[in-house]
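Presented sequentially are two complexes of chain A, the first with chain B as partner and the second with chain C.
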Partner chain A sequence: MIVKDVYLRDVTSVSLNSNIKSVIKLFNLTRYYALPITNVDNEYIGCIDISDIIDSCVPKYMKDLSSSAFLPDVDMFYNRLNNVKDMLVKDLIKDDYPTLREEDSVSYAADLLEKFNRRTLPVLDGKKLLGILTRLEIISVLIKKESI
Partner chain B sequence: MIATVTLNPALDRIYFIDDFQDNKTCHLINNNLVSLSSGGKGINVSVQLSKLDTTSVALGFIGQETGRLIEKELLLQGITTNFVRIDGRTRTSIFVVDSNNQTVKGICEHGPEISKEDRSMFLELFEKNMKSVDMVFIGGKLIDPLDSKFYAKLIRIANNNNVKTLVLPNEGCCAQVIKAEPFMLFPDIRENKTVNGVLLNSIPECIDFVKETYSNNTKTQYIVFDINKKVVICSRTTAYVFDIEQSNFANLIGLEDAIMSGFIYAIDKSYSEKELVNFVGALALEYLKTNKKYCSNLEDIMQRKNIIQPEVIAL
Partner chain C sequence: MFFAASIFLISYALIMSEKVPHTIAAMVGGILMVIFGVLDQDKAIHYIDFDTIGLLCGMMIIVLVLKKTGLFQYLAIKSVKLSKGNPTWILVSLAVFTAVMSALLDNVTTVLIVAPITLAIADTLSISPIPFLVSEILFSNIGGTATLIGDPPNILIGNSSHLSFMSFITHNLPILLVIGVLTLIFLRFYYRKQLTIPVDKEKLIEGFDESKSIKNYKHLIICLIVVLLTFTGFILHSRFDLKLATIALFGGFTLLMITKTHPEEILKDIEWGTVFFFVGLFVLAGGLEATGLIEIVAKKMVLATNSIKTMSFAVLWGSAIASSIVDNIPFTATMIHVINSIDKMGIYNVQPLWWSLSLGACLGGNATIVGAAANVIVSSYAKANNQNIGFLNYMKVAVPVTIVAISLSMGYILLVDL
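What follows is the complex of A and B.
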């Protein structure tokens, strides 16, 4: 099975100048965990992942702790999120985000999702965005195949 | 690549009831008597194109669960989607098809409102897509507060990017649309039989209107009418007339969507004018014959294309 058989042909994307607040809203509406970024010529230039937004809201000292369970509240996170929400996508873009091609195998895609700890990967043809592949899509297609 | 625009999509729920009576509750005896499908002109064209093995990207606004259902259905059919997600709920349309009485009754919701931010987001998305497509179909019901000027704006953006625009405006939008000079125009004259206040009640009146439009308009190459059980396709030099027999059921599912899909398919395949006209006519007639929402028998359409003979009128 190859990526072409399973990916979603949804080319929803954000722009470099979209603000993070609108991106979070779009994450909420699409229920995806990452969104591709395209330029004015509709070419893929990178991805923004919800985990990167969360990461940018977490104080550095917290990242060094083995557990944050003892912290009294999420004020620190909330304060940082307030600053981050007005930032632009270009401030958090990952231009080295892993990508897929239609002809890649699904096992390669699954490996990439696991290795990079991502839930969503963009599918490209050169610089053209063709859609996205999520962990859920892979599992759903495999389950359907099994039930046939 | 082809893009279609549906500003106000709908989730169509169609009930097939043999004898639908007033003041009586109808209990459906099985689930096959109700169908749920995505609707809206652009979406219909995207689905029809996919039945002809032609890929397209569907653009527009969708919101909440009805919007999500529409998107899911399109994705399942292999259609690429690029919608602006809005807070409002995508509308639902309900139809009752009564084959005994040969009637169709329906309720179409108005649709949600579009905020300024969503409008700007759509324009940005549309402009981006115009960099990577060759053709765009724009049609169907407008969505508040967008008016006919919005259609014209989209046509101008597409024209500036050398993208061919095929437009099926609803009544009241034609004046702005004609000014924007779309590549192809299919005015809806089924109810009022007027375009820009000009009464079009016969083929000669349509032809006069076409001549007048072409004399003021440099970009439009085709104008199409569905009038008095005939489809009239007017190029710059010739009018081609096909006889059609249309039932109430066909009205429900939209002959015009099939005609637009035929145009897009033929232009995509770089058909000559004669081939294009014959393909569009063949698809329209096959479509009416099937009496289904979409026509998928490409082989039959091709066979009919080779034998079909429209009446030809020089302009």
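What follows is the complex of A and C.
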């Protein structure tokens, strides 16, 4: 089975100059965990993942503590999220986001999702965005096969 | 002799320039000593001080297992809570915690544990972490000087000089306590404007819950018993004629056995770069000794200084200045051969020279941000968390502290050893 058989033909995307608050709204609307970023010519540039936003709100030192459970709750996360909300997508974009082509195998896609610890991957034809593949689409094939 | 001196100098230049990772520079230099026939392989291996390597590896295993229990974090938070939110006392408690931990563990491990906690506390209390981080650098080096296992130069000196574990504590601790108290008074004065907490944040320190750091109490108690026995072994090692490496490795592997930890899980995290750096340095310095160059330097030193007093002060200040500019480990590894060579001449009792080297090399590392591994780690860690200690800003605090520390050490050596 290949990616072409399972991916979502949804090309909802954001631009580099979209602010994080509007991106969070779009995440809520679509319920996806990552959204592709495109330019004015609809060419794929990268992806913004919910985990990248959360990551930018967690200070580095916290990741180096053996446990941060001892810290009192002073709403540190929301204070930081408040600071991040007006930032632009281009401030948080990561250039190593993995991508798929229609002819890639589903096994390869599953492996890529796991290796990069992502929930959503964009499907491309060259620079053209064709849609996205999520973890749910991959495992839902089983149900779709049974219903046929 | 020409080949040995050239290989040695080029390797040391590469280590100092940091153009090549220091482990690679030391290992390639050491191997070239064998390739060019300065040493044969058997002799090269003979020069590797396996007491030091074993002690390093044993301690690394103990620290790695202990780190997983959350004990260090628990102790750090507990000591900070004693301050009741007073920033001066937070500074004192973190400094004392760092010094004690550095004396018992290595400096790098200590600052890697204490720096994230410091940033978390400063962030929660909305205060600048810089005074605390600077004091932690200074006290990691001061604390490390107190024991044989606290700082790499001391490990090297301890294993070569046959000075016991306890002799480091009884000799170095009194003067380090004086240096520590004076340093704290100076830091309090220097950072007086930054050591204030917004009134509404003072109570937050009570909200820190150290008990949440411990994941498994049973596991922790077992670890503590083994660690206690290991340190008792360190204290009594000379009585039982056991090497520190034997005790440290026994403690480390017993911990792995009792906690049922898979060895691969811990052994992969051993700082192999540091271990091979030491191996390379031992062979490099050994090559220099085998050619007789070390003996020539030792003779020249004896002739130039004329007395053990002058020589001790030269070693103290020389090693302090060298350690503030370059890595103190290669410097100490070479100086050890020089002191051993002077010892063989039988003119002087070289004990004051060992203490001069220990105090000079360990405390000298405080003077600049590149003087010791702990300094570099804290400053780059601060930068990664958007806090800049700054090379010159650090020196404004550290140079006076180091000059006072070395001057006091000089008086102390004069009083106690000469």
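The rule is simple: the second predicted complex is superposed on the first by the 144 of 148 C-alpha atoms of A that agree within 3 Å, B and C clash if a C-alpha of one lies under 4 Å from a C-alpha of the other, contacts with A are read in each partner's own complex, and residues count from 1 in each chain.
The working rule: contacts are C-beta pairs under 8 Å (C-beta built on N, C-alpha and C of every residue); 3 or more make two chains touch, one makes a residue touch a chain.
Because the structure is predicted, anything quoted here is derived from the model rather than measured.
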Sticking to the clash and touch definitions up top, decide whether chain B and chain C on chain A clash or fit.
-> fit
What is the contact status of A:59 with respect to chain B (first) and chain C (second): first, second, both, or neither?
-> second
Once both structures are overlaid, what angle do chain B and chain C make about chain A, taking C-alpha centres and a multiple of 10 degrees?
-> 170
If you stack the two complexes on chain A, which partner ends up touching A:29: first (chain B), second (chain C), both, or neither?
-> first
Pick one for A:42: touches chain B only (first), chain C only (second), both, or neither.
-> first
May I ask you to decide whether A:76 touches chain B, chain C, both, or neither, giving the answer as first, second, both or neither?
-> second
With the two structures placed on a shared chain A, what shortest C-alpha distance in Å links chain B and chain C?
-> 35
Complex contact set, residues of chain B against chain A = 57, 71, 75, 78-83, 85, 117, 124, 127-129, 131-132
Considering the complex alone, what residue numbers of chain A touch chain B?
-> 8-13, 15, 22, 26, 29-30, 38, 40-42, 128, 130-131
Residue ranges of chain C in contact with chain A within the complex = 67-68, 70, 72-73, 77, 112, 115-117, 119-120, 123-124, 204, 207-213, 215, 384-385
Chain A to chain C touching residues, read off their complex | 59-62, 64-74, 76
